[in-house]
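For reference, the structure is listed below as structure tokens.
Here the chain labels run A, B and C in written order, and each chain numbers its own residues starting at 1.
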Amino acid sequence: MTSNIYKPSLMTVTAVTAESADVKTLRLEFCDARERDTFSFRAGQFGEFSFFGEGECTLCIASPPTRRGYIECTVRKSGRVTAALTNAEPGDVIGFRGPYGSAFPVDAWQARDVLFIAGGIGLAPVRCAIWNILDLRDRYESVTIIYGARTVGDLIYRRELEQWAERSDVRLVITVDPGGETPDWRGCVGLVPSLLKELSPAGGNAAAVACGPPIMIKFTLFALHELGFTPEQVYTTLENRMKCGLGKCGRCNIGSLYVCKDGPVFTAAQLAAMHDEY
Amino acid sequence: MIDQLRRRARELLTTGEAACIIGYANASVPGKAAPIVITRAEDADRLVFHAACCNNLAVYLTRPEIRKLGTVAMVAKPADVRAAFVLMQENQVRPDDVKFIAVDVTPAGECTLLAQRTREELLDYLVKNVPPAELADDALKDVAALEEQTDGERWAYWQQQFSRCIRCYACRQVCPLCYCSRCVADKNRPQWIETSAHGRGNLAWNITRAFHLAGRCVGCGECERACPAGIPLMKLNRKLAKDVRDSFGVHAAGYAFSGEQLFAGYSPSDPNDFFE
Amino acid sequence: MAIKISKDNLAALVDSLRRSGMRVVAPVSRTAFTEFAEIVALDEADFSQVNTRSSIKQFLFPATEPILSYSLEQSNVKLECEEPPEPRKTVIIGSRPCDTASLPILDKLFSWDCEDRFYLNRRAATVVISIACTDCDDCCFCTAIGLGPDSKQGSDLLLVPGESGCYNAEPCTERGAELVKQHEKLFTQSAAPASVCKAVLEKLPKPLNLDRIANWLRGHFYDDFWQAASLKCVGCGCCTFLCPTCHCFDITDEHGRYRDGRRAGLRRKNWDSCQFAQFTLHASGHNPRPDRASRWRQRMMHKFLYYPERFGSRLCTGCGRCVRSCPVQMDIRDQLKAIESMQADDEQHL
């Protein structure tokens, strides 16, 4: 057992999926068999993924805890580390520390309707929860997924979107922002919050998860409120910049909360009590 | 003198010629002065000017929070005027957005408010009365001493000086000419300069900082004064000012508020062919 | 029974500690600045200064330190040094009480939830002998923050300068008592307990009402005060890096040399500052603290509200380094006083 809390586990990249022009999903397996067998996490948790020589970056675990033997992360090329990760190839070895942070209480959602709302790359943490629930489908009531992106080219997890669309036990609505559609686009055109209002899912005993860019979250939370969802029913994840993931490095705080320890999953009720620093 | 300065500040604010005054006020630490930004005429009485007023206030001209306030009038020592001129020359500050309340200290140590107000008048004043401090014979003595050393001695000297750097970037932040919204030291694709406060990183940072100021530094000495590690940064700046003068025959920076810059211009007739 | 140690015996203590293999660190004035450095004999130490330029933080939490080393050959990665290094057993002599008081504060952060052994191993290997202050300067404000020139927080042994060059000694921890016991012969009985340097106390500021300040902070996250208070801030990291309690850091990778066809590299933990714009910049370009006002607010809030709420200590010991070193004379004392009086006004209007 190491006494170095910053020591990563080594993981091999076993598959790389191009999601969009600058987004890739890496499938990773622990190099160490014992770590592979004992590793567990909960939907919504995150890790520090590192490309040796470039550094670490914070990403949620995008695959569900119900699929054992591997984890996946979805990464957009935006800085030094993410550029290296998006260039990774099968066989490459990268570092992983985690799992860290709070999780979606998926067990508490059993026997309830679940509504997933995601924008852009915000589908990554939501996808983890979606598959978690779909892998245990009979324990949940209705499952609705609303997913939006700026343009058709920005939609990620295309193959899975098709799989969800084909399932009779999932209601999937996909939309792109006005102007983001292609000539052969068959989905909706419009912003996620307005689409949500049109669909007007019932609050009732449902649980809602909303992840995406800050502006989308803001209007989505407002729309959910109007639809009768209480703030305790609505969950989101925050992505404040982090380095350690362990409540030490001091950069992810919102007030006296550490997003890395107290989050990243928060209810809208918790969010409403925070200052605007995310 | 201070009454005249305050009167002028009050006048600029009352007439609306300036939306704010950047000047100096006494700090709570006895004998020290600090920059102050005032927007109300009644606060003009807080302004002071004396020997402890050392900050180069031109650093505030490019700050978004200050720009938002509107036309700025700055209490400006010769070095501050020079820095403001370089900012104008580099198109970072619109000449009409800055008014000067120019001050100077006479050789006898007396603080004076200058009658010169316009850019042209101040330029004339600088050319006639204020030789560049960074190129003064006295100031160049320690540069000459370093030049006489062997490469090995100089290397050892600077290694030792830079070893104290803690990468707080005070040198950069107080410099009116380090205005880049994202400094090369903060860029990581590629990581030009290692961020660690170790030999390599500190050497790369301190050398790069000095090089980026070659032909631009106005010799105000703020970087060296601000450095909490006591690194003699002005020795580097002076060496570069001297080399710029000797190699390019260019007078010191800040003695023009328009026209071409030493390293920011390009001419097809340039004798070097490396950037064709 | 009170004890004391003469200057000569303190020198003998240093010799003895060094003979036992410990590194002894003390303030020295080898350059224009007084800084902590390793000494071989007590006469190198300079205890006459009000304080050193940088704090003792660097000996427990250095400005840069490797936290992992690895080597690469294409996709073959090998982790090499992966455990925190064995720290050098160290005795710091002559730390001022304000510096020493930062250690119990930092302990909380580095040990809560999970343990940062890089810091904690050094902490366990470091004995701190503080020397109480007989003088202060215009920037000292320990008394405003609830500490004083002879505070014991964090000290293993506190020395209070007494008469005829002797130090009255007070062990404050078991480690300090053990050290005294091991060097029993060097300490003598003292009739009177250490008397506090009265003259310095008179020069130091009055206590601030820190609860009142926290109350104001709690209610004024959104307030014009922050814009006004930070307008002259130039956004450097002087105050945070010199602060004995500021502890924020960055983690970064650096490529090293090629060795036997493998490229070596280090992962480092480096001091970082909440005053830098990049500190909180998201990958998307969004920055939750986009301006000087929000970054300055974070510094004040973290020190006097968030950290106390989370860990029960304030992130300030009144050492005055932020005041002394600020290139634009940002004065945290002025701001605290202003906040205290705003809250007093608010309370009156209730």
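The rule we apply is simple: contacts are C-beta pairs under 8 Å (C-beta built on N, C-alpha and C of every residue); 3 or more make two chains touch, one makes a residue touch a chain.
What you are looking at is a predicted structure, and each value in this text was computed from that prediction instead of being measured.
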- Query: Does B-C or A-B have the larger number of C-beta pairs in contact?
  - Reply: B-C
- Computed over C-alpha atoms, the centroid farthest from that of chain C is that of chain A
- Per-chain Cα centroid nearest the overall protein Cα centroid belongs to chain C
- Averaged-CA centre spacing for the pair chain C and chain A, given as whole angstrom: 39
- Task: Quick one: report the Å distance separating chain B from chain C, using the average Cα coordinate of each chain.
- Result: 32
- In whole angstrom, how far does the Cα centroid of chain A sit from the Cα centroid of chain B? 47
- Touching two or more other chains - residues of chain C: 250, 252
- Among the residues of chain A, pick out those that touch two or more other chains and give their numbers. 79
- Query: Okay, in this complex, where on chain A does chain C touch?
  - Reply: 2-8, 10, 50, 52-57, 76, 78-79, 82, 89, 91-95, 213-214, 239-241, 243-244, 246-251, 253-256, 261, 275-278
- Task: Using the touch definition up top, name the residues of chain C that touch chain B in the complex.
- Result: 31-33, 53-54, 63-64, 138-139, 227, 231-232, 234-238, 240-242, 250, 252, 254, 268, 270-271, 273, 276-278, 291-293, 323, 325, 327-331, 333-334
- Write out the stretch or stretches of chain B touching chain C in their complex. 27-30, 32-37, 55, 59-60, 63-66, 166-170, 172-174, 186, 194-198, 201, 222, 225-226, 228-230
- List of chain B residues in touch with chain A within their complex: 188-191
- Note on the structure: As the complex stands, chain A meets chain B at residues 79-80, 83
